[in-house]
Each structure stands twice: as structure tokens, then as C-alpha cells.
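The following blocks contain the structures, represented as C-alpha cells.
Each of the next two complexes has chain A plus one other chain: chain B in the first, chain C in the second.
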Partner chain A sequence: MGKFWSLLFLCVPVLGTAMYLAGMYTSSGPLAMWFPENINPMAEEIDLLHDIILALSGVVFVATGLAIFLFMWCYECGCNKQLAKFVHGNHRVELWWTIIPTIVLVALAVYQFKVYADVRINRPMMAGADGVKGTADDVPEPASFEVMGRQFEWRIRYAGEDRLLDTPDDILGDVNELHCPTGTVMVGSLKSADVLHSFFIPALRLKNDMIPGTRQIVWFQADKIGSYEIVCAELCGWGHYKMKGRFVAEPPDQFQAYLQRLREKQFLREYVPAPPQPATDQVALDNQPTN
Partner chain B sequence: MSSTTVTNWPAENEPVVERSSFGTWLMTYVFARDHKIIGLQFLFSTLLWFFVGGMLAMAIRWQLAWPWQNMPIVGPMLFSGEGGQISPEFYTTLVTQHATVMIFFVIIPILAAAFGNYLIPLMIGAEDMAFPTLNMCSYWMMWPAFLLIGTSFFVPPYGAGAGWTSYPPLAALTESSPGSGMAQTLWLGGVMFVGIASMMGSVNYLTTIIQMRAPGMTMMRLPMTIWGMFVTAILQAFALPVLTAAAIMQMTDRLFGTGFYLPEMATANNSAAVSGGGQPLLWQHLFWFYSHPAVYIMILPAMGMVSDILATFSRKPLFGYRPMVLSICVIAGLGFVVWGHHMYTSGMSPVLGITFAAATVMIAVPSAVKVFNWLGTLWGGRLQLTTPMLYAIGFVSMFIIGGLSGILMASTPVDVVIHDTYYIVAHFHYVLVGAATMGIFAGIYYWYPKMFGRMMNEFWGKVHFALTFIFINGTFFPMHLLGAGNMPRRYADPYHFELFADMLPLNRFITICAFATMAAQLIFVLNFFGSLAFGRRVGRNPWNANTLEWSAPSPPGHGNFDFQPIVYRGPYEYGDPTCERDFQPQTEPSLDGKDRGLAHA
Partner chain C sequence: MNRLRNHSSGPLVITTLIAVAVSFLSGCEVPIASFSSNLVFAKRLEIDSGMKMEPAVNETQSILAEMFGTPDQPTWPKLLSEDQELAGLVSQQRLTRAAGAVRSDQQDNHFGLFREHCVHCHSVVGNGVGPTSSFLNPYPRDFRMGIFKFKTTPKGKKPTREDVMRLLTEGIMGTSMPSFRLLKQDDLEALTDYAIYLAIRGEVERRLMMEAASELDLDKGERLLDPALKESAPDDYQDQLRLIEETVTKVAQSWTGAASSVTKVEAPPADYPLFGRDTAGSKEAQDRLGASIANGRSIFHGKIANCASCHGNTAMGDGQTNDYDDWTKDWTILAKVDPRDKEHIQPFLDVGALKPRNILPRNLRSGIYRGGSQPVDLYHRIVQGIDGTPMPAVGLKPDNPQGLSTEEVWDLVNYLLSLPYEHITQQSSQVPPYQRENP
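Let's look at the complex of A and B:
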């Protein structure tokens, strides 16, 4: 029976590794899932860091799993006719297996500080009073859009021509739809109207909670034209799961055209009565989420 | 049994008091002050809640595999209003109550209170806990918690649904969610009582372990189980008051209009704005200041138990006893300064996040040291693959997975991506369901003969292990892939997102494995109760183990030992080639008189 049990434990590293490899390298099938495509060049190092840690921990996972298998295979009392080794430990071995993980982990910690500083701490700056970027009087770039979480939707606003939020020329965006120009560093401001939400765009590797009473500043750059999803990642009530938004990355000229359309909608729109809708649709939307 | 029996230690040292038989029964089995009865009370209560928490998990898995389908059998009974399907409101209640029950009513009390109560006096050679009445109170303080949280499940319109983390404003504003009314108040009350019960227990454990060790039982001769319990009690004693106070503060925010956690003019769903002036993040700091150490409260006792079991059935000394003790202490110490790693994306200062990341990554070092020492214990042994041993090795295997995925979560930039996705669900379930539950089962199979004087059936125990091990891995390993695909947690239906639309087949597979895990527990229930009546009767030491509890009768009577235990050596002297047998109980002096133990007493 010792062989059976050791083989059962061998399944853990073997099948575990196989499942991870299937997730990473298959393109279809039930296991084909991995990090979504990243379109944010500022966050590329996050994926690299993840892969490094995954590789290191994968090695430890396989090595320790194999050790369990080998020890069970070799030392099960049915097969091992020798006396048990009467040892209480080994000072030198203890030192090695403390020091090596410490060095590796400190190295990882220092590397991740650098990555984190890029994506989350060193806020993009712009030229200050002297008009030259990169000098001592640089000021933080102001947020050019605002997302407000609300049960259960995302309300969007863009800065107007003065490039500042909370001024009279702010542009009201479409609910649940955030547009941004490609190839530009965007700074945004997050806030909440009621409870905690978490603004999560997987394609940008961007996630930050929205807290009522405070503003959060985030930044990113979208480099690929397309339409991506906004996800809520903090439990915000019964409708948490349907707090879906759309993030549209488009060329700068199209983005400007979009802002212009929004302006027109806001100020020039004439009253157009909405076409009558069958009442059942609304009920169906509330109660019957699509599968 | 033992040649060192010291006289004047009567087996029944309780003065015989004339009482009515009902009164005797009541004081012996209900308002018991004997640590063993209290331990068993905790064991049976927590196992019952284990079933409840498991069934809640099954409902969650049903929804994720067959969203909005009518639940078979129980669906029409529970939610006739929705035609038998789980409503999104009820789904948030499910995830909240599943976590609450499993954490506060199962894993913490079964490890710290059931095993702690039963084993601490026996393993240190004491006749009972230091404060038996306080011990009784600690159990009966759980009942208000059981009732309050149990009731909060059924309060209309929906049970508490703000997550077990109870983040305000969702939890503090009555209008923000259907479950944030009366149900949330009851829930908070329940958490307060759990806190009080655990604090009572922890001061008792600390006093007992420090004051009541048998002659010769120095701190460095304590079995790892006791070290785990000791450090856990320290964690509980210092961290729990914070949670209890924080829960009271949230209660006053809800009931009396204070403003600890609600910002100025906070409102939800068009409710009247509150004056507020507080900070939602304050709750998160206070909550995680307890709840991160709580993670170690849920794993350190299991680590200790597994260390004992591994050494016993490897028939060789535990590898590196001192490093094991030190690493438990380091884990606990660092455990107090890492709570912020739950809050990397919470809006807390990112610079602060970096300091928490450094401390968190360092916790991997003592954890790795423990794993390597467990492997070192297996190396070169003569492994007896009994049921408890298999569970103990299963613990190590699953703890490795849960520990390694923790390094990914600890790294701030990576956590930004996988925070609040199924990655974290996979991670903490590997630590709690994988490791802690494996440790719990190992402990039950191992100490069952001591508790009841009978063995559990080995064959069915092994079948139970094989099925549980396979299906727990089948349930939680694929969740790493869901997490890599960024599927968020606490979503009643993620499939209407393009990102998650193709995750349904894997979720079905996970659900089937979860159902199979649950079904396999039937074997355990039958084995547990069947063995009470039909198990093979055993003597004091069926496993040929060294620690003190195996020198006492099985089951031990009131006062535990029928002799004065004197400890002559550490707990792991297995396989000494100079000895006749491959074990040397701590209470037996060696024949050549080479013991140095009493000098330290």
C-alpha cells in the first residue's frame, strides 16, 4: 500500500504542473485561461514579475512534491528494512534552508518595490512654471477623467478644455463607458457615491478601490485600440456581479470626436421622447441575468 | 504501565457530593468544568457547524456551475419565492455566512478550543485547566454567538450579506443592501461573543501552559502541539480585543449614529445622509489587525499537531525541534505586522503597502523552514502510513501549495491583478480547507482513541482520506486558473462578462469535485459515530507514542493521570538505536539513569 499512497501524492506535482501548463499554453478547451491580454505598457513588468515568482514557486512546488513522493516510496516501513535515522536535526542544513530562501525573497521584495513604484507610486508629472518637463518644479499631472462607482454602475466625467475636473466645462460621459486615447498617459480620479467599489480593468492591470469620502488617483496608458471590460472587484451589494462597464481605447482624434459628441449631447440636445418599451423587458433585465 | 507511578495521586480525587442524578448529569456533561468534556463539547458543536458551512459552500458552488437554475431538492424548500433558484441577494448572504461559519464556528474553535482544551492539560501533565469555570464560560459564550449568527441568516428580507469582512459602508448603512438591516446587527453581536469566548479561552491556555506543567516539563520539552496552542493563545489574547472593540464601534455606528467608519454625508440608495466624519478604511485596518493573525490562529495549532503526528509515525525524532519552535514564534510575530497586505488595492497609501509587502514576503521564510523540517522528519524514517499520518502528509502537501501561492499574493504589483479574484479564493482555501482541515482530520483520527478509548476504523479512514485528498485538490487547484483568468470572487454570475464567459465548464468541474468532497464526509461521519460503539477497544498507548497524554488512561478520568507524571526527556525520542523499543515515553526514566531532565524541573 505504501507504493499506492506515494503515487497518489506524486499526482499533486504532476497534475498541478500539467494544469498550469495547459492554462498557459493551450488556446482552447476548458483549461485555456490565463492573464487577459495586457495593453498597458506601464504594467508590463507586473506580468514579468508574476512569471518570475511563478517559476520560482513552481520549482519549489515540484521539488517538495517529489520529495514527499520519494520519501514515502523509500521509507515506508513495509519496504524500509533499515532502522530509522536517529537524528534530531542538523544545524548546517537549517542554516542553508533559512538563508537561501531569505536571499531569494529579499531579492524579490526589492524588485517588486521598483515595479510597484512605477505603476502606483511615481505619479506622472508635467511641466511646471518654467514650461520644461523634467525640472524640479514639475507638478503632478491633474486627473483628466473621473469615475464614480455607484450601486451598480460607473458614472464617468471628463475634464473639459481647461484639463481640470470639477470645473464648469466638465463633460458628462456615458454611464458604464470609459473612453480614452491610445498612446497617452491618462490620469484618472476615482470616487464612490455610496459603498466601496473596486475599479478593475484587467486589460490595463489596473485595480483600485473607490472609497466614499476620498479620491483615488490612478494612471495608465492604453496602447491597443479596442474595447475591454471594466469589472467591480469589491463586494458592493446584491448587484455586485453585474457591475459591468466598457473601456474603449481609440485613436486620439476619435477620442476628441467622442468628447465633442458628448458635449453636444449635454448642451445642444433637444428633447426627444423615448420610444415606448415593452414593460416586461425591464423586469426581465432586473431579475433574469443572462447565463 | 509506567514504572514511575507516584503514589498519593488518587484516580478519583473529586470529593463525592450527594446530588440528584439530573443535577450531576447537568454539571458533568452540560455545565462541565472538566477540560475534556468542554473539549468534546467544542468538538461536537464545531463538527455540526462544519456540516452547515459545507452545505452553504455547496449552494455557492451550485450557483457558479448552474447559475439561476433551480436548486434540486433544497431549492424549492428554501426559496419558494424565487421558484427554487438562488437570488443574487441570497448569494451574498451565502458567501458571508459560509465564511463566518467556517472561520468563527469551525476552524478557530475546533483547533484552539476543541483540541486545545482536550490536549493542553493532558500533554503538559496537568490535572485540568488553570481556570475550569472560565473554561466552561468560554464554551457557553459561544452559544449566544451561535444563536445570533444563526438568526441573522433568517432575518427578513435577507441574511447578513456584506461579506465576512463586513466592510462599511456596505455593512454600516442599513439601506445599502437588503442584508444590512437587522441581520447585520445580529451578525456583529455574534462576532462580539465569539471574540469574548476566544479571549476567555486564550488567557486560560496561557496560564495553564505557563503555570501547570508537570515536573520536568520544561518549555523546550513541550510537544509542538502545545507550542502551536501557546503561540495561538498569545495571538488571540492580543489581537481579538481589537476586533471585538471594532465590532462594537460598527454596532454603535449602526444603532446610535456614531461616525467611526462612515464618511461625511455618506448615503446609499437615496437614504438620508449621515453626519459621518469617519473613515471606511479605519474598519479595514482594525478588522485585518485581528483577522490576519486569525489566519495563523487557524493554522499554527494544526502545524503543531501535524509535527507530532509526523514524528510519531516516522518513528524518528522531529527534525529540528528548536527551529520549528522558533519559526512558529517568528510567524506569529511577523503575523502582527502584515495585516496591510489585505489592503494593497484598498486605497491605502501605496508607500505603506510596500512596507507591508516586505514583512509579508519574509513570512515565507519561517513557513519554508517548517516545510523543510517536516520533509526532514520523513527522510530516513520508517513511515507507518496510518490514517492520521496520511492526513499529516496531506497537510504538508497542501500547505506547500497554499504557502507558495501566498508569495504571489504578497507581491504588491502582482496582487493588484489577482486581488479579489479566484486566485485568493484558491490560496486561502488551500491553507484553510487544504491544510487546516487536513490537520483537523489528522488530529481527530490520531487522538480519537484517547478521547473515546476506541480506534476509528483504519480502512474506512484511508478511503475517507483518499477521496477527500483527491477531491479537495480537484476543487481548489483549478481555481488558480480561474484566478489567473481574473474571475472575481463573490460574483453570483460572472459569465455575462466576455472575459469570464468560457469559464463555465471548469466551474462545473470544480462544483462536481466539491459535491464529491462533501459526499465523502459521510464516510467520516459513519466511521466517527460507528466507532463510538463498535471501534476496537485500545489501551493507553495504541500508537506507541511518547507524549504525556498516552500515559494516561484512554479515556482519561477526572484529573487525567492516575499517577504523578514526571517528565524525563523531550517528546520526540523515537527510534533510539540504543533502546530496546523504538519509543521512549516522556514519563519513563531510562534504565541507565542518563536522564538529565529533573535538574531543569
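Let's look at the complex of A and C:
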């Protein structure tokens, strides 16, 4: 076999790196599998964190692959007639390869505290009783929409004029279609009607499990007009792969017009032969901007 | 070292090659899809008539195959496509698109849509006994009785095309039917056609089997369409053929007639109170809404609509809970089989029936309305009843002097819409039952 195995193992770092690079720099075709463009300014640091972790683990991945290749190449038993020498470890080297990763991991953990808190803990606040935002009596901003996961669809509801969910003036949204105004921080409430689902909008870097019996609060801001994909990221049954929705970010006035259309539909008291479909229906999912 | 070097990798390579070969050879074997017979209905007819239904089942199957084709190559019967009125009901092109194995082209146009999206629950023949069906509550719909619940036409009529389409796009809340709203419009049209096709095929099958059981002596070898007669008695053969064709035409006509029988609901005056819209309105609007809801409540408990008798005094759907829907009654009560008697129903379960379950009146406090939550949807449910279920239609004045006026129906709608927000501990009726009067 000669050097066959060492060359085969060399393929791991080489092909691995090539695939990543192709994914990052190809814009179409089967190799284009990088993230869609991020439209959520609140999630920019998530991408940054991902890049840092990818770079660090990439270096380790390539270095390990190359080291394995080098050892296999140099000490392949067919051509290396030297007898094996047994080494009982090197205290200094072991110390360093423990200390350096520890420092890196702790640094990462500390660095991501803030990102995690911004995404999961520091819920957007609004002015409390004194009417001024940024004072001590601020209250958490109430959720302005609700998404309920159900095998295998997304049911949407918007808060009405009282800005509260679960009140009689709630607006029932179109199934599988979440609209939101651009440039506004949106707080949403997630729940599930049956099993575990995970609400995932890749373009917003927003992913949160929906747990039956509880409400999860998420927040984001969409800054680019367009139609994006909602997918389920938790295996929830045989139709999981088809559990898709459409997320539409539109200018605030269009969003208000959309809510008005939903209201009219919700309060319909006469027979209309073919219910009028909102114009956004024409935006096919595959027309969404990707990069 | 030498021990390692002598270790041959031969057996490993051979084993791998065999494994790969086996998986290549065995992986692509798919059974040929076929429409299964309605054996549950045949069983019922067998009990009714005391004859062996097997010959009739087989004959019906071959007549249907002749006219309606197979799951891979469905055909819209020629006699229907030649009829000007019935030709537009289902398009052959859409049928072909929805049928067959799942496949897609380079432009991501999908084919075999029924098997991609529906077959899991509704099964190939549309009898609602797909692989997942027994896990679901309620069971998936059996199209073959031609009965659909949520539609805009009166009880006993077929749904319009738009009604079927709406079920596909919106899904049915409270059941396992999801929304297919993001499919392409063409896909939805094709699936609608295919569902109508399966419903018509299934209903023709039932009628032919019924015909055979009631008119023929199967034990003596009589047949629905006897090819022997073609030579010996051509007139009799033509009569038999005509009878079958009439059955098909009649079933198809019941579908084309749906559009003209729609219950056209006219909106009340715009200032007529509406729950949700006027809940936070002016004082006057709120007062009128309150009065409307109160009136709705008394209608709910009153003698004419008498909703409380099934939906319960608390409207939680706990009134009448031991009834069955028509799909279950079809092979239990109508065949004089007790659905609770395990031994009695076993022969039916053996041929594919699902275990009978009671149909429960809707819990009106959950805010989930299967047929849609628009006021007009609730209006349709009240004045039309719900096909296939014990939910009756309420009579409307002036056609029915004993019935409700349209205003009263809208009041009832307001009350229904307000129920999910009413506290459960609060007594839903202001008047105790023994003091209630006929409104």
C-alpha cells in the first residue's frame, strides 16, 4: 500500500478546507451552502462569534489533520525500518496543550455572555408609569405577535390595538405567514399546540424551541425588505421537513395595511365567493434573497 | 509487525462489495399502487343482504378501473369529459399531475402531489386509513362517502370547489389537517381535482356495490355488467351499461350542482355589533354588543337552537357525548352493529375499519373553530349544520316561522365569539335552567 493511507488521511484537511471555502465564496449551485444574508442587526454578533469559533476550530482541524498525515508519512512501517520507541509523555507539552485551549475556551465563554444575554435575557423594555424610557420603572415590552407551532404548520396571531395578546381584539394572521415592519424591534411569543417544535428564521439568526405548555419570548429587528424562510428546526414528526413558513419584512405602512386586511377578513360577515388572497401570496418562497 | 502485514483485507472488501450490491438491487423495489376496494362497506352489505359480496366487489373494481384508471394513471371517465356540463369539474391534466409516484423536474415543479402530501393520512384510495391514521384524533377523512363537513352549501349538498380549496390552503384547526398554503397555486388546484376525483370514484363504488347487493342475486351469478350478454342479449347489456353510466353521471352532477346551492350570507348593517371589532368601541357600541351577546346566550340555551343540549350548559362540549359520525354509523348503527361491542365490530376492523370513536360536540370555549373563525363561517355552521355529524341546521325565518331570524343568528355568533373570553367559573346563563322560558 506504500503511502496510500497517509495520502488518504491528507484528504481530510484538504477537502474539508476546500469545501468550506467553496461554500463561503460560491454564490449559486450545489456548493453554495453558506448562511443567508443576516437582516437582523441584533444578531450581528452571532455571526461574528460563529466566525471566530470557526477560525479557531479550523486552525485546530487543519493542524491535527496535517500532523496525522506527517506522522503516517514519516513512520509508515513499510519504509521505516527503525524500531518503535516508547515515550512516556512530556510534562511541559501536556501543560501547554491544556493551558492554551483553556484560555481560549474561557475567553470565548466570557465573550459570548453578552451576546447570549442580548439574545435570550435582556428583553427589550419600554417606558413604565413615568412615560420615560430608560428609567428604573421600565417594563418589559409585551409580545406583539404570537406563533403557535402545530404539526405541521405555523399559526400566527398579532396583538390588536391594546398591544396585548389573548384579548378579544387580537388579529388572526394568515397561517404560515408572519409579517413584520422593518426597522422596528419586534417581540414575539412562541408556543406549541402539540409537540416540540423549533421556530427558526435563518435570515434573522433566530432559533428558539417551542415547548408545549410554556411560552417562549423572542425578539428581533428586520432591516431589509423581503420574503424569507421560516423552518422547523426540531424533528417534530413525519411532516417536519415540510413545516415551512414565510417571513415577510415590509415597510411599516405596508405592515399596517396588512393588519387592516387581516382585520377585515377576520370580521367578515358576508359570503364572498373566492376569499381575496393578500398580494404577498405572489412572492414565492424561492424568490427570497439569498447569498 | 509481520502479523499485521499478513492480515489480509480480502474478506472485508468482499463483504463490503456484497453489501453495496445488495442495497442497490433491493432498494428500488416498490409495490405497484392500486386502489383498494371498499371492503368495510361490502361487509355491511353482506350482513344486510346475506349474500357473499366478493363477486360484486371484484366486478365493481374492474368497472371502476375501466372508467377511473389506476393510482398511477387516473382517468376522468370518458362519458363525463364528453358531457359539456360535467367536463369542467375535473381536468385530466391536473389529475395526471397529482397522481403517480412523487417526482419533480429541474424547475422544481412537483408531480405525484397526492402521494407527496396526502397519502400518509388519507391513503391511496382516499379512505382515510393511511399509515398515520390510527394515531390521529379525529381520524383523517374518508372521501368515499362524498360527505364534506366544512363548506358553504346546505346540509346534504356537495362542497364547492372553493370550499375544498380552502380546506387545503387554510388547513383545519383542531384536527391533524395542516395548511398547504405555501404550495404553488397549480399544485393546490391539482390536489383539489384529485380529491374530488377520489370522492366521486368512491361514491360510485358505493352505489354500484349497493346496486349489486339490492338488485342482483349474486349467489346465482348475476352481474352488474355481464359480458356474456353482449352477444346473447345486446339490449340487456346496454341497459346494464346505461345504469352504470347513470350512476356515474348522477354522482358527478351532485358536484356540479354545488356552486348554485351556496348559502349566500348577507352582512347585517355595518353598525350591527360584532364581538372583537366593537369590544373596545364606544360606550354605545359596547352596550349594544352586550345586549347582542346576552340575546345570543339565551338563544344558546333556548328551545329553538337548543345548542346547550349537545354543547353543554357550559358550552364546553360536554352535553351529548355518546353519538357517532356518519362515517362510523355507516358500518355500525346502519348495519345494526353495536359500535361498543368489541366482538361485533371485529370483522369490520379486520377489513380495515378504524376503531369507532364517539364524535364529541365542539368545546366552544377553546376558540378553535375547525370550519374557520370568521363570523360568516360560524353563521354557515349554524344555519347549515355540519354534514356527517349530529350538528343540525337551524331553521331561518321567514321560510321557517319556528326558526331564528338572521339577527338572532348574528347574536348567537357574537355569543360564541365571546365564549373563549368568558370566565369559566361564571355561570354562562343568567337564568337558572328551571326558570328559562321559550324565547
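The rule is simple: the second predicted complex is superposed on the first by the 258 of 291 C-alpha atoms of A that agree within 3 Å, B and C clash if a C-alpha of one lies under 4 Å from a C-alpha of the other, contacts with A are read in each partner's own complex, and residues count from 1 in each chain.
As a working rule, a contact is a pair of C-beta atoms (placed from the backbone, for glycine too) under 8 Å apart; a residue touches a chain by one contact, two chains touch by 3 or more.
Keep in mind the model is a prediction, meaning the values are calculated, not measured.
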Name the contact category of A:Tyr116: first (chain B only), second (chain C only), both, or neither. first
Using the superposition described at the top, determine whether chain B or chain C touches more residues of chain A. B
Please indicate which partner A:Glu177 is in contact with in the superposed arrangement: first for chain B, second for chain C, both, or neither. second
Contact-wise, after the overlay, does A:Ala129 reach chain B, chain C, both or neither (first, second, both, neither)? neither
Of the two partner chains, chain B (first) and chain C (second), which one does A:His50 touch, if any: first, second, both, or neither? first
Looking at the overlay, does A:Gly245 come into contact with chain B only (first), chain C only (second), both, or neither? second
Tell me the contact category for A:Pro273 with respect to chain B and chain C: first, second, both or neither. second
Where on chain A do the contacts from chain B and from chain C line up? 77, 151, 238-239, 242, 244
Note: in the complex, chain B contacts chain A through residues 67-68, 87-89, 91-92, 95, 158, 161-163, 167, 169-170, 173, 176-178, 263-264, 266-269, 276, 279-281, 314-323, 345-347, 350-351, 353-354, 357-358, 361-362, 364-365, 368-369, 371-373, 375-376, 378-385, 390, 393, 396-397, 400-401, 404-405, 407-408, 411-414, 416-417, 419-421, 466, 469-470, 473, 477-478, 480-482, 484-486, 488, 490-499, 502-503, 505-506, 509, 572, 574-577, 582
Given the complex, residues on chain C that touch chain A span 1, 4-5, 108, 117, 120, 132, 152, 162, 166, 170-171, 173, 176, 178-179, 181-182, 184, 262-268, 274-277, 279-280, 373-376, 379, 410, 417-418, 421
So in the complex, which bits of chain A are touching chain B? 1-2, 5, 8-9, 12, 15-16, 19-20, 23, 30-36, 43, 45-46, 49-50, 53-54, 56-57, 60-61, 64-65, 67-68, 71-72, 75-77, 80, 82-90, 93-94, 97-98, 101-102, 105-106, 108-109, 112-113, 115-116, 119-121, 151, 193-196, 198, 200, 202, 205-214, 216, 229, 231-242, 244, 288-291
Name, in rising order, each residue of chain A that touches chain C in their complex. 77, 150-153, 155, 160-162, 167-170, 172, 174-177, 238-239, 242, 244-246, 263, 265-271, 273-275, 284-286
